[in-house]
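In order of appearance the chains are A, B, C and D, and numbering begins at 1 in each one.
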Amino acid sequence: AAAGAGLVSRSALAGDPLITEVQDWNRYLGDSVQAAPYGKPSEFEAHVVRRDVEWLTASPESSVNFTPLHELDGIITPNGLCFERHHGGVAQINPADHRLMIHGLVDKPLVFTMEDLKRFPRENRVYFLECAANSGMEWRGAQLNGCQYTHGMIHCVVYTGVPLKYLLNEAGVKTSGKWLLAEGADASAMTRSIPMEKALDDCLVAFKMNGEALRPEQGYPVRLVVPGWEGNMWVKWLRRLEVGDQPWEQREETSKYTDLLANGKARRFTWVMDVKSVITSPSPQAPVAHGKGPLVISGVAWSGNGTVQRVDVSIDGGRNWKTARIDGPSLSKAMHRFYLDIDWDGSPLLLQSRAMDEQGFVQPTKNELRLARGDNSIYHNNGIQTWHVKADGTVENVEVA
Amino acid sequence: AAAGAGLVSRSALAGDPLITEVQDWNRYLGDSVQAAPYGKPSEFEAHVVRRDVEWLTASPESSVNFTPLHELDGIITPNGLCFERHHGGVAQINPADHRLMIHGLVDKPLVFTMEDLKRFPRENRVYFLECAANSGMEWRGAQLNGCQYTHGMIHCVVYTGVPLKYLLNEAGVKTSGKWLLAEGADASAMTRSIPMEKALDDCLVAFKMNGEALRPEQGYPVRLVVPGWEGNMWVKWLRRLEVGDQPWEQREETSKYTDLLANGKARRFTWVMDVKSVITSPSPQAPVAHGKGPLVISGVAWSGNGTVQRVDVSIDGGRNWKTARIDGPSLSKAMHRFYLDIDWDGSPLLLQSRAMDEQGFVQPTKNELRLARGDNSIYHNNGIQTWHVKADGTVENVEVA
Amino acid sequence: AGSADTAKTFGLGRPAEADEIAAWDIDVRPDGTGLPEGSGTVAEGEVLFTDNCATCHGDFGEGAGRWPVLAGGQDTLKEDRPEKTIGSYWPYLSTVYDYVRRAMPYGNARSLSDDEVYALTAYLLYLNDVVTDEEFKLSKENFTGIHLPNEANFIADDRMAEAHNANKGDPCMTNCMAEPARITMHARVLDVTPGAGDDETSGGSVD
Amino acid sequence: AGSADTAKTFGLGRPAEADEIAAWDIDVRPDGTGLPEGSGTVAEGEVLFTDNCATCHGDFGEGAGRWPVLAGGQDTLKEDRPEKTIGSYWPYLSTVYDYVRRAMPYGNARSLSDDEVYALTAYLLYLNDVVTDEEFKLSKENFTGIHLPNEANFIADDRMAEAHNANKGDPCMTNCMAEPARITMHARVLDVTPGAGDDETSGGSVD
């Protein structure tokens, strides 16, 4: 054969050798269709991973890692990158060995297998799940340089599951049944009290995320979906639902997930996740590499109250705002993606985004939150985030006044 | 410690030991948040994979594997399970080494880096991608037992990308430019001619799927998205766009992807994917294990013409039909999920689904297609699929009259 | 064959047996619902705590390293770094019993007997100065008579009343600040790449 | 700063250089656009084909094993198992030149010189009885004078005119067939689990 005959001259040509020379991937066969029965990302995307912050917790089995929001786009979080939060490690459960019990103030206490659950009518819904502690480390002030860490305790996927009301109806909730205790099968036996009104409204008992089975770290084989409400309530490895007439005041709704105010009082049962947004690019982990000119400012917004109606973006630290373009599906209690396409003049920016939801709630400043609640709250920090984009394109987490 | 003190008596209790005895996953810590920076499915889902059929092709590098539709739900295909079709193996390309050229009948021939592309305004859209050869093996009659094989050359994901029109506009298409040649950088240097009208309508140059970077087998770092049109046109590893005044009549639009009729004539440029549906469960790979009683009949429907308006399901081989429930987002040129929840009496069923799209096109029977096109067509088989559910719950691929 | 209907039942699942319910129904409420028979003393609890808990939580519940602090912190809730413990923060004793029984000791959950949990709960009351007698015996009978100091300080969710929520309406779009914005604070943790650089920090913790 | 606007340009990308365009612009159209300078004979092509192509496509383009058949099949298009080859099916010769140059030999694409591709294309014409003279030389100059036999049989997409598409309207819902449906055909491939059982089949192929 005449291999290379045409190449000798080519390599002498003007222009980018990546174009003028035949590259290996344009000549030799790549991997076959048998190489990856279950596919994975390119080796060039190895940096796109969940990351934890070791000093945050005493034990990595009761800890959190964070979604790399700065690397993602659109409104769907890929399953492999959904942040993890668990209190006794990831339970590995054979679905054949899993049971879901409903008891308490019901006519007929019942036990379901996974097969049983899959015989009820199903629904598919896109919902964000945000940990109430998301941005909690930022309560006292700018601390972490990267939206993965400041805002990465959130993900948004499509759930397939059975409306919880069908299961409750099957057992027959007594009229005295006003609260529901949901319990997990993991080593923390996670429990939360949920008011019956919410349970009968839009909760799902979900076995799939983004089309495939739930991931183990998200509660495989089955989890509770509590749309718009704090992630801790979305009990994973769901094994038990008890109907009662009062809340249980479990550890996760007393010691934790209560909001200490300046006056020493603490709010309890703060369930709804408030309207919130963050610019994901540029951000500290996603600096501007290309200098001045066209710049895509991109971010996500969400609200536990329903859809996001509008997102405004400021490039001067909140003095002036422009309404961003919300792109892609706008679904209730789901992430929304927004963009502001600007022509950057190369001077430093103080980037902020401010979301407004369908009920008219507007994302507050961090100072407004501190004024209302003091400095000792941890949860429900939905304050406006500021990124300082410097002339060299690097970005820092700052606060402004 | 008093380990086990409470257990001795428990194990003697009546009831399911999976409930009455404390399980390991309820006692001991599971994996930590550092165990899987990029997560993967449970070990109990190892059977949920893309599969190929070895005898179909001479070489696994120019071959196809199939999406396990029978294991999925909702409308989104997880990235790891999106079917693969490539003609020279999977090109592995470092995004830093990738270039996209636009030339031909344009004012300014241009070369873009990946960084350049990410500075244009972006859009996020959910689209199905179906290979024109999907169900092609079934043209002459029922052959493969499983919707993974009969209908698995389809996936549906959210794309993030730049509208192609922005790139064309940047180069400045001359008024004589009526066609576009799209070319891939892989070892097959895949090419297809696309009419300019479509290119300027809804095509995207996409770099993300389901939020994260495209997978290598789907064209990482960048692919063309040609909504509603046959998958072969969605050129992967996209490196070149040439504007011309006529189509190129490339191998993939002459030797292949042309539709031979009974009279020896062959249709060319058959781009749109017709309205189609299939029941994914029950199906040969997803038999009914639970006997009579509540049975969820579930499937997917799609149309290259826009949204699916309605799906009807028959349990008697097409004699009588019931309109199914479409659940989840109904988006143009995206998959739709439908359900019919029945109370199965245990007698054999002949299951069919029939989709109707927003333009009023109705999915035909296979016999109607054969009547119109003869037995020698391969592509664009959108005929109604029949599954024979037997009394024991096993399911076979059959044809009926 | 018929379609889904919210009102109807499907006849799915099987009846739960009493022993099965008993095996899983271990939750305890503030009103005492769910408390098992049994009892345990502070003194018994001290031994159990030293053997099973102190490695992490410290001999006196002060917390070893970054493991949770269980005692102390009274009167810190309005201070700069409040210490939230059973004694300083938790509203109900039932939560202690419930949580220790379901989740502790960490890594070997469900290994304690009901009496042992009574004893440990008694000892945690003692460490928090709620009881002072080492011979104090906590039991199903006297349990609901004991109240934790901070119970009255829990209030309902009133976020809606906060100024920024109470005044809905279109937010300001132009010249919203008198002066140009100035930076008042910079991130304290400069290197966020785990493993690269200095991971130690004075920062807070996540709950 | 301003927002996106379809009409405006962004000033992104850089001009493509002539040599860069030339390096990638290797496509050939039926009207000859894109054909490089050069030529090659049937005889030259035979040697090249035997050395580089015959292991897969057979000495005479008949296809080894399941590798593609390149010659023969004339007058089979209306038969039960049509054989679609360059001679029996392909409409344009330009596609042969274009495709061999860009993608063959499989596994070592872009390794042939322009003359070699002319010679191979000439040989494929010979194998398909379009030319009969072994001394025939194909060149840029005489290329567009050659037409493949099946060119006239390609028609535009007229799916919309098919009976089932032409008659839109609500489909039948009840008693749509006179008799109960009966099974006319069973799947021939019973075991679809790759690796388990018999993977051999008489079935079709995918294109």
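In this text, a contact is a pair of C-beta atoms (placed from the backbone, for glycine too) under 8 Å apart; a residue touches a chain by one contact, two chains touch by 3 or more.
Owing to the predicted nature of the structure, the values given are computational and were not obtained by experimental measurement.
Asker: Could you tell me which chains are in contact with subunit A and with subunit B alike?
Answerer: C, D
Asker: Whole-Å distance, subunit A centre to subunit D centre, using C-alpha means?
Answerer: 46
Asker: Centroid from C-alpha atoms only, then distance subunit C to subunit D, rounded to Å. What do you get?
Answerer: 68
Asker: Compute the distance, rounded to whole Å, between the mean C-alpha positions of subunit A and subunit C.
Answerer: Once rounded, the distance between the two centres reads 24 Å.
Asker: Which residues does subunit A have that touch at least 2 chains other than itself?
Answerer: 16, 19, 26-29, 51-52, 59, 61, 63-64, 88, 101, 111, 119-121, 187, 189, 293-294, 325, 339, 341
Asker: For subunit C, what residues touch not just one other chain but two or more?
Answerer: In subunit C, the residues touching two or more other chains are 4, 10, 12, 20, 24, 106-107, 109-110.
Asker: Classify the inter-chain contact topology: is it line, ring, star, complete, or other?
Answerer: Graph shape here is other: it fits none of the named patterns.
Asker: So which chains end up touching which?
Answerer: A-B, A-C, A-D, B-C, B-D
Asker: In the complex formed with subunit B, which residues of subunit C make contact?
Answerer: Its residues touching subunit B are 1-4, 10-12, 17, 19-20, 22-24, 48, 51-52, 105-114, 116.
Asker: Under the touch definition given earlier, write down the residues of subunit B that touch subunit A in their complex.
Answerer: On the subunit B side, the touching residues are 16, 18-19, 23, 25-45, 48-52, 59-61, 63-65, 71-82, 84-86, 88-95, 97-99, 101, 111, 115, 118-126, 158, 160, 185-187, 189, 208, 210-213, 215-217, 220-221, 237, 289-290, 293-296, 298, 325, 327-329, 331, 337, 339, 341.
Asker: If we count contacts the way the header does, which residues on subunit B are in touch with subunit D in the complex?
Answerer: Of all residues in subunit B, those touching subunit D are 51-59, 62-64, 87-88, 101-103, 108-112, 116, 119-121, 133, 136-137, 139-146, 148-149, 163, 165-166, 169-172, 181, 183, 187-189, 191, 239-240, 242, 244, 246, 248-251, 254-258, 260, 262-271, 274, 284-285, 312, 316-321, 350, 354, 356, 359-362, 364-365, 368-369, 371-373, 375-376, 378-380, 388, 396-401.
Asker: Residues of subunit B touching subunit C in their complex?
Answerer: 1-7, 10, 13-16, 19-22, 26-29, 293-294, 315, 322, 325, 339-345
Asker: Which residues of subunit D touch subunit B once you look at their complex with the stated criterion?
Answerer: 4, 6-7, 9-10, 12-16, 20-21, 24-25, 27-31, 33, 56, 65-68, 77-78, 80, 82, 84, 86, 89-92, 94-95, 98-99, 102-103, 106-107, 109-110, 153-159, 162-165, 168-169, 171-177, 180-194, 199-201, 203-207
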